[in-house]
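Chain naming follows the written order as A, B, C, D and E, and within any one chain the residues start at number 1.
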Amino acid sequence: MFSPADIEALLLTLKVASLATIFMLLFGTPLAWWLARTRSKWRGIINTFVALPLVLPPTVLGFYLLILLGKNGIVGEFTTWLGIGALPFTFAGLVVASVLYSIPFVVQPLQTAFSNIGEQSLEAAATLRASPIDTFFSVVLPLSKSGFLTATILGFAHTIGEFGVVLMVGGNIPDKTRVVSVQIYNHVEALEYTQAHWLAGGLLGFSFTVLLILYTDLKITPRVK
Amino acid sequence: SYADTTLVAVASDFIKPMTEIAAEFEKATSHTAKLSFGSSGKAFAQIQNDAPFELYFAASEQYPLELEKLGFAVENSHFTFAIGKLVLWSQTSNFVDDKGDILKNGTFKHLAIADPSHAPYGIFAVEVMKKLNVFEKIEPLFVQGENIAQTFQFVTTGNAELGFIAFAQVIDTQTGKIGSGSGWLVPENLHSPFNQTAVLLKKGENNPATIALIDFIKSPPALAIIKKYGFGLPTR
Amino acid sequence: MNNSITARFKLDYGEFQLSVNLSLPNSGITVLFGHSGSGKTTLLRCIAGLEQAQQGYLEINGNVWQDSDGGIFLPTYKRPLGYVFQDANLFSHLTVAENLNYGLKRIKTRFDKPKINHILDLLGIQHLLERMPDCLSGGEKQRVAIARALVLNPEILLMDEPLASLDAKRKQEILPFLSRLNNELNIPILYVTHSQQELAQLADSLVVMDAGKVLASGLLSKTLSRLDLPLSQDHDAITVWNTTIVEHETDFHLTRVLFEGGSLSLPAIEGSFGTPLRVQIYARDVSIVLEFPRATSILNVLSATIADIADGKNGQSIVCLKVGGQPLLAHITRKSVAVLNLKIGKMVFVQIKGMSILN
Amino acid sequence: MNNSITARFKLDYGEFQLSVNLSLPNSGITVLFGHSGSGKTTLLRCIAGLEQAQQGYLEINGNVWQDSDGGIFLPTYKRPLGYVFQDANLFSHLTVAENLNYGLKRIKTRFDKPKINHILDLLGIQHLLERMPDCLSGGEKQRVAIARALVLNPEILLMDEPLASLDAKRKQEILPFLSRLNNELNIPILYVTHSQQELAQLADSLVVMDAGKVLASGLLSKTLSRLDLPLSQDHDAITVWNTTIVEHETDFHLTRVLFEGGSLSLPAIEGSFGTPLRVQIYARDVSIVLEFPRATSILNVLSATIADIADGKNGQSIVCLKVGGQPLLAHITRKSVAVLNLKIGKMVFVQIKGMSILN
Amino acid sequence: MFSPADIEALLLTLKVASLATIFMLLFGTPLAWWLARTRSKWRGIINTFVALPLVLPPTVLGFYLLILLGKNGIVGEFTTWLGIGALPFTFAGLVVASVLYSIPFVVQPLQTAFSNIGEQSLEAAATLRASPIDTFFSVVLPLSKSGFLTATILGFAHTIGEFGVVLMVGGNIPDKTRVVSVQIYNHVEALEYTQAHWLAGGLLGFSFTVLLILYTDLKITPRVK
């Protein structure tokens, strides 16, 4: 059924996707909040930049990232200077690339959810002594639950399914950067269709369960009255 | 004769020579060859699912033979159109010696190869390293491209110090030698024959353009182009 | 009572300009009164820091909360205030209990449990604690909003028409409680209302607003009896007297109270000798006679001097009388002014219907 | 006036049950009166079809809008009604003008332009047309909401405390307009309010609700003077008489009106001989004397018979008198009842202060 | 700079992306509305199914679509029976595959936007004689403007950048199914990096302009007061 390599790839994928999703939420939330609230002229441009990586084919984006993050690239020189070394072909690089590629799927739904929160709720919180940060956690977050659900699911799923960027930046190193999408791809290319079906089926089954739990447990039911 | 069009699936590593050959083919016969590029595995799957390809130029022998067996290709129509040449290459000059000794005693962090689970260049690179008894030592340093183009990108961007790539990717078409950096052209006796094989698909059986292209690819002008781009010529 | 709240704001909405310069007492209840659109909510929002006025200065008990010249602007959440919004503005994602706890969790000096329970009882929302705001009636929402602000034990309470959606009975329970709260805890309250009745019952001071400006501000009794303000013309024009209890006539369920210049009989009210009591007299409940009447159901007949007479609408006259030292408004017909030959300085008797005297 | 609106609903919210069986007139204004949380909004929502009662039957002018037994439920948008929500509930993405147009565009028989402009003028919102709802004051929003429902020219108008956030002056302008609208266009109005004053001024019929049930319903004057309802105990208890104009005393700016059993003097009111006029008398404005008084500013002294006496709160007595054929409530002290020795059937004089009579 | 083949690919991409976006909005809007409003038990499951294709690597998804849409697949048999023929390697197939792959990016933001619309606005519309459909267009749509913007941008951009599915289902056939992402891929594979950079740059520049116009012109500014 599953070869040890398959299982390794599955576990690695889970790690990358979880970490990337966490980082995307961490960076994406303040960004989305700013985008939803600001009236700055920069808003449109920043918004555009966030969505832009999407239009590039993943392998091409991966290629550019490889140049940028590589030891001769700007970012690469910086990370080398920091003593981290160049990011390509490392687990960290994989996460960074995934974050860059999937972040629009996190920022955009959050922004939609945030811009739907009326000023009144924020004002009520302020009169009840909640600082802006406090208000964010006690009012904005719960009121944007459905936006966060969407952001998490899209970000997580897209990171799992992502393939081109991960392959380029990760280097497809077994048990280091070979995620399950690459593994399935390999099976298909190698005409090992049965293996591919099993792995794809397993991934689907697993994701189905996770998503179903997210969707039903968090009970984002429509508002009443 | 009438001008017909044939649709040809071509393995990605053969993009450049095939594009030039197609242009010459059009000039010579007034038929047209439309080219669809992609990895051999993809084309294989597509042909099985009724893709309109008439001729298939794969990077290895395996897929064409399989297609004949499955009945998607005309029986016994397969032929070798070029021999793949492997090179161990680095962007840095004087990094790779012309004997490949670096594999035994060199120090590097990453060696790029095409994924040996399906990409022919990867499969032969592994054979070479095994033969040289360095496979066990080097395997942990592998970074694997999905195909040979990506493998090349790993090396050109400097992220992998060296890699097994196609000679075609680094050949200087003027001199016929490695154009830049440093490299070791791997002797063919270090791996099994790297026959790049084409096959006539059932869809193209009755298309004069397809048949004409099969003839043309074996003609001297086509062979010259194949050679120019760093492939070996099939022995007949 | 000293005026240690200073509020100066200039704010421009384009079609509406707020421009106020107020000095308000830091104790007691100050009522903001004015038409719809006169800027009451806007003023309250400026004080709460929800609206940042282009020019503003706000000082409360010696603390400067805002000074646009000095570049000071204390954000709302650092201002120790309680705010009841015009629409209840509850958190829709929290239950009633969680709404109440929201502010409670964030303050240091809390009321004790019994006191909080008392507030919930009084507002009649104990049974609603587990509900979501979407499952409340309009009045229930508003009561929760009041409780949410009250339990904060704030330094100043800003209330924007808190009782507009409540019925008379509920109002009659909450109003005295607000008064008492104000007395006991010495929290100054800024209270927006349209209702003369709430005004009379609650206000120590009064600010009358119109088109973003302050028409008049000052102590209630003085401001109410000013014949130059539209208030004295209102159908519900009133005078408010501060009195103290002197005697209970238990047989007849009556209480006698003393005011500056005489005494009044009221329906029985609990309270020991000397308890202060606020008495409200509708101008329309005051009638003027020249002779002391006999055999009448009107209990309170007092001698008075006419201090001023002005014309009202629809053949009415507004008479300002002095009863002892206290001003008293009376609405009577112009016919009566003529028949009784009323003139400034004339000595008369006023009849005040006992039942029309409140709390 | 025939009762051609039938409304029967049973609805269960868990902690609250609505259970009504009403027969209402299809003309005039019916006021829904009751405490906060008594189910007024819920009933209105059921009638509008916004809430689908588990069991319900609703028939208006012979058209069945809902019949849970027959499986009939006309969706809200097919019911030709106008609804004013308790909170204004304007569309936040549309300007005031667009909010008003929203419904207008979707109906067939429209008012003409001048009529619509008149409505906008009366509600004082002409200058707000280009504003977004977020830039309106609380009262302004509510006035736009009223206009939005009125311009629909509906077959029935459902209004949920439409005037709660408006000041007395504005109310005094809108209330008579609603009455007139009702008379002219014959649109039945179901009107929720807490205010006795609005009740008296508007209501032709009255429905008193409590805890989801109907306590009483019927014609206004009959329902108001029932001593068994809490209404007669209220501080603001009233009686309402229907009268007609008979004479203008222009010298004194007075108008005399006739009622079943006598006449009253009122502050001058425009209207020709025979114009019907509604007169409201606060129970607390009625005093009882045994002798006919002389030299008083009280214009209206009438002879009456005592029909009933009940005990009120705080030493009060509630007396129901008959003046001619009309019931009249009086709130007087128990002391007065004793002093004057009032008994059922006794002949007395009632003094009614001229100024307390409203249009 | 741009070869005629590049320009052809660009135009084809535009056609595919526009068509796919239109179809996604057409199908996605009612679906999102249903998902946002229903209290059915199916909600979680349907939601999961919508998001599921995301977790598969695009080429793998493409592989399965190939089988499904191919003349021996269920869908393929159906389309053949309809007389349309099998969809793979046709323009129509390209659009269908793009729609299937990118639709979660349209459905999810719409769902978030829809579930934020309070019942009250719908009730107000009903009392003003607007039928549910009418209400949807006159109230729901304008109130979910920012959700639609997000959905359109994510859907459009993702379709442009998508590559694996398109390559598999479309077959990289010149002037028929060779979209720009595939064309860039071709350039990269042929080591024609300059060509690839130009094309990627052109695509980015074009997309930047489109996105910026969308973001600034539609003025989804934060609500006031």
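What we mean here is this: a residue touches a chain if its C-beta (ideal position, glycine included) is under 8 Å from a C-beta of that chain, and two chains touch if they have at least 3 such contacts.
Computed from a predicted model, the values in this text were never measured in an experiment.
Chains making contact with chain B as well as with chain D: E. Of all chains, D has its CA centroid at the greatest distance from the CA centroid of chain A.
Between the Cα centres of chain B and chain E there is a gap of 35 Å.
Separating the CA-averaged centres of chain D and chain E is a span of 57 Å. Taking each chain's centre as the average of its CA atoms, chain C and chain E sit 61 Å apart. Counting only residues that touch two or more partner chains, chain E has 59, 63, 188, 223-225. Shared interface positions of chain B, defined as residues touching 2 or more other chains, are 42, 45, 153. Counting only residues that touch two or more partner chains, chain D has 87, 135.
Inter-chain contacts occur between A-B, A-C, A-E, B-E, C-D, D-E. Against chain D, in their complex, chain E makes its touches with residues 120-121, 123-132, 134-135, 138-139, 142-143, 223-225.
Residues 36-39, 43-45, 47-48, 51-61, 63-64, 104-105, 108-109, 111-113, 115-116, 118-119, 146-147, 150, 153-154, 157-158, 160-164, 181-182, 184-185, 188, 196, 200, 203-204, 207-208, 211-212, 215-216, 220-225 of chain A touch chain E in their complex. Interface residues of chain C facing chain D in the complex, by the touch rule stated above, are 13, 15, 34-37, 41-42, 86-87, 127, 135, 137-140, 143, 160-161, 164-170, 172, 194-196, 234-236, 249, 251-254, 265, 267-269, 283-285, 287-291, 293-299, 314-316, 331-336, 338, 340, 351, 353-356, 358. Contact residues of chain E toward chain B in the complex are 59, 63, 66-67, 70-72, 86, 88-89, 167-168, 171-174, 178, 186, 188-191. Against chain E, the residues of chain B that register as touching in their complex are 7, 12-13, 15-16, 19, 34-38, 42, 45-46, 49-53, 147, 149, 152-153, 169.
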